[in-house]
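Common to both upcoming complexes is chain A, partnered first by chain B, then by chain C.
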Partner chain A sequence: MSAYPTGDPLARRRFLTAAALRGATVIGTGVIGATALGAVDADAAFAEPLRALDPAAADSTFVEGRITWIDGGLLEVAGSWGEYARVRVTGATSVWKVRATTAAAIETGDGLYARGVPMPDGTLAADAVWVNIVNLHTTLRGIEKDRLHLAHGSHEIVGHVLADTTSVSYSGAAPTVDLSRLRIGQDAQVLGAWRPSDDSVELVRVAVGPGAGHRR
Partner chain B sequence: MACGSTSLWNGEATWFCCGNAWGPCASAGGGACGTCKSSKLHAAWPNASKACWDITRPDLCGEKLPRRGCGSVMKVRHQCSGASVCVTVSDCGPRTRSFCSESTCCDGTCRTNRVIDLTPAAFSAIGSLSSGMLPVVIFE
Partner chain C sequence: MSPATLAVDLAAPLLAGVLGTAGAGKLFGRSAPRPASRTALARLLRGGARAARALRWLGALELLLCAALLALPPSVSVAAGGAAAALGVGFLGYLGYARRAAPGSSCGCTAGDDGPVGVRAFVRAAAVLAGGVAVTLAEHPWWTTAPHRPAATAGAVLVAVAGAVVLAPDRWRLLWRRLRLRLTGHPLDGTRAVTRVPVTATVELLEHSLAWQTASALVRSALLDHWDDGGWRILQYAGVHGGGGAARPVVVLFALDAAASRDAVREPAVRVSVLDADTGEAVALTA
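Up next, the complex of A and B:
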């Protein structure tokens, strides 16, 4: 099923509105696939042609913060600047947490980025939520079979290699699961998911470049 | 300041966090301009200042980006979908030199080299955060 009817510029808004007003939640249902706007698996996002964004995206609202409470499909979020928001996850919401998943994977204490449509009751009907997602410029400080030690600014981060997920892109080439060409001291862009329990990161994609002066 | 339509540059857009209080970004401050927030439509530009340029060095990847300092306004458009967002320069970045020749493509057209870094709010207005980077055209 397509998450959004197409062909009508206001279709997404109406769909989200209807879903939110009905209180349609997706807890425990199957994986929510890619939408015209939403989160998809990172590799899939590269592989698949990008679809045109719904014009209603220009009206979207963004929420950021920590999830303090979950009540069914309603997420209460404490923003980093003292603000407070309620985010409603509906049947139209795509959910990313390491990979495309369901709202059932969202936990209290998780970090959240959410995009959606403001509702009359003050909630945000989310068309996409990214849970714990980080995209960090780091330097490789140590390499083990199942983890990378990363420096992010002045902070050390442990990055966990996920056997079924982690990929590496060398100099912009297609992602591979082969980590053998990583080198200590390299700059590495890390897309992954923060793990609140131990402040580490689960690695989804690591990109390393050839560095300066290398042009095609 | 208006969000204009004069072509400025094109290349890859990545995203970064600033000023938010969870995860590895908990330590991120307000960026080089002191005003950057992940929840706002902000961006980092590799030539926000001389000091910034010395760090990012886009010229080493063949990109001689013009200087645009804190508060400059740009329109960033996804090159294929046409979705666009107006952003305010609030930080220095990305470190272009570390990823020379990196390309991102859509519909068979690629954009090369990291030329702008968007906050999650800005990036998500034109694409999915899980893609990590997008090919964009920049206007001012």
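Up next, the complex of A and C:
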């Protein structure tokens, strides 16, 4: 077997596709997903930290705050409660900023949630980083072609609809890109990315109807 | 007659409309006492009940001004215009105080508006001030000017209504947005025809699968990358295989039907592969 190509992204994807399709096929429905470190999609940034199921797995730690300085793969983070952390991002770290992306998309001033393993030098080796992620309970106050107007408490928030990303889950059903069943006045649980430049939110997942916000 | 003179002559009925609706809301609004306790006025007057009383008096004053502006000729309504301008100045001062002393509290400027003091409230107050000044400058009564220039008058009324909608508190804009949806149809109807399954749906299907249960102990990262190839959707994660000294970084790959979601498929077939992250060699799934 050829060595794992890391340079050209297309060659890497071709290689990984071939490998994925050679893999073992497993059929059936298991339990709702959780690894030994907790669930791994964007919702996990707000899930209760799970106790490690596997005693061999190192306990994961959680860091949140604003990024004050970026030095290569090292992020300096000022926490909301005055604490301070350094987060190390590697090639194996997943970076979420509206969608799965790379560490190059992280900017100074962004908000950050990171999960990882504490290192002896005091840094956190991040397994997963969620940039500017927000999870808000809102009411739908207006619908336009490219944005939704949302009320969060007494604040009005503009939520941008992203053609290739925004999905809606109606009454706990599977997420869909069909946004045509949204109605003004509905309660909407919104998972998205805060945009610091104009204080708006880029919408990733909207859950409406009974069961919204209770997926986990 | 120049457009400026026309606008000045028509200022009285337009300002009367603004003051009339705001005043009626404050004086006759059924739920007025409760929101009053949340306004900055309650803080200024030290008490929600006093604030509610003050708001009702203010509503009565606004209605009185409204009637004066509508009924009196310019020579007499100069006083009403001056009063309206003074009211606008007072509003601006009060809003400035509210922003400084009690940020986040509502202004109580219009009935039912319980949002925090924002730019719209300041523009509304400035509009009252400008309207009041315009009324003092008017030379002809509006009921002689309007019939002579019906088109311009209708235009001015339309502009005023549009301005009122833009500056209206959220509750009123909600009515307007609902009406617009009813008239123009749902703006996102175009998305109904899209059959593409979003990646979040595929991730959700994966997390409900037996394959995930089998492989998830290896997975450490969130979704690293995903792409579609020949009807398959490949999801890539990073993980760690083995424990202690034998632990090594791996790439965990899942391949699912790109068109499947939890609604359509009860028993998803998922292909699982684990590769050594350094060499790209396949690693047995069970450690």
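FYI, the second predicted complex is superposed on the first by the 151 of 216 C-alpha atoms of A that agree within 3 Å, B and C clash if a C-alpha of one lies under 4 Å from a C-alpha of the other, contacts with A are read in each partner's own complex, and residues count from 1 in each chain.
Simple rule for what comes next: a contact is a pair of C-beta atoms (placed from the backbone, for glycine too) under 8 Å apart; a residue touches a chain by one contact, two chains touch by 3 or more.
All of these numbers come straight from a predicted model, not from anything done at the bench.
K.L.:
Examine A:I157 and indicate which partner it touches, taking first as chain B and second as chain C; both and neither are also allowed.
P.N.:
Only chain B is touched by A:I157; chain C is not.
K.L.:
If we overlay the two complexes on their shared chain A, which of chain B and chain C does A:S80 touch? Say first, second, both or neither.
P.N.:
Touch partner of A:S80: chain B, not chain C.
K.L.:
Taking the superposition on A as described, I'd like to know which of chain B and chain C A:N132 touches: first, second, both or neither.
P.N.:
Touch partner of A:N132: chain B, not chain C.
K.L.:
Thinking of the overlay built on chain A, is A:V201 touched by chain B (first), by chain C (second), by both, or by neither?
P.N.:
Touch partner of A:V201: chain B, not chain C.
K.L.:
After overlaying the two complexes on chain A, where does the chain B footprint on chain A coincide with the chain C footprint?
P.N.:
37, 39-42, 53, 57, 96, 128, 130, 154-155, 204-205.
K.L.:
Which part of chain A faces chain C closely enough to touch in the complex?
P.N.:
Touching chain C from chain A are residues 1-5, 13, 15-17, 19-37, 39-42, 44, 53-54, 56-57, 92-94, 96, 99-100, 127-128, 130, 141-145, 149, 151, 154-156, 161, 165, 167, 173-180, 182, 184, 204-205.
K.L.:
Can you list the chain C residues touching chain A in their complex?
P.N.:
For this pair, the touching residues of chain C are 104, 106, 114-116, 170, 173-174, 177-178, 181, 186-192, 194, 196-201, 203-214, 216-227, 229, 232, 234, 236-238, 243-244, 249, 251, 253-255, 261-264, 266-282, 285.
K.L.:
Considering only the defined contacts, which chain A positions touch chain B in the complex?
P.N.:
37-42, 45-46, 49-53, 57-58, 60, 62-66, 79-81, 96, 111, 113, 115, 128, 130, 132-137, 152-155, 157, 171-172, 187, 189, 191, 194, 196, 199, 201, 204-205, 207, 209-216
K.L.:
What residues of chain B sit close enough to touch chain A in their complex?
P.N.:
14-17, 19-25, 27-28, 37-39, 57, 60-62, 78, 80-83, 93-95, 97-103, 106-107, 112, 120-121, 124-132
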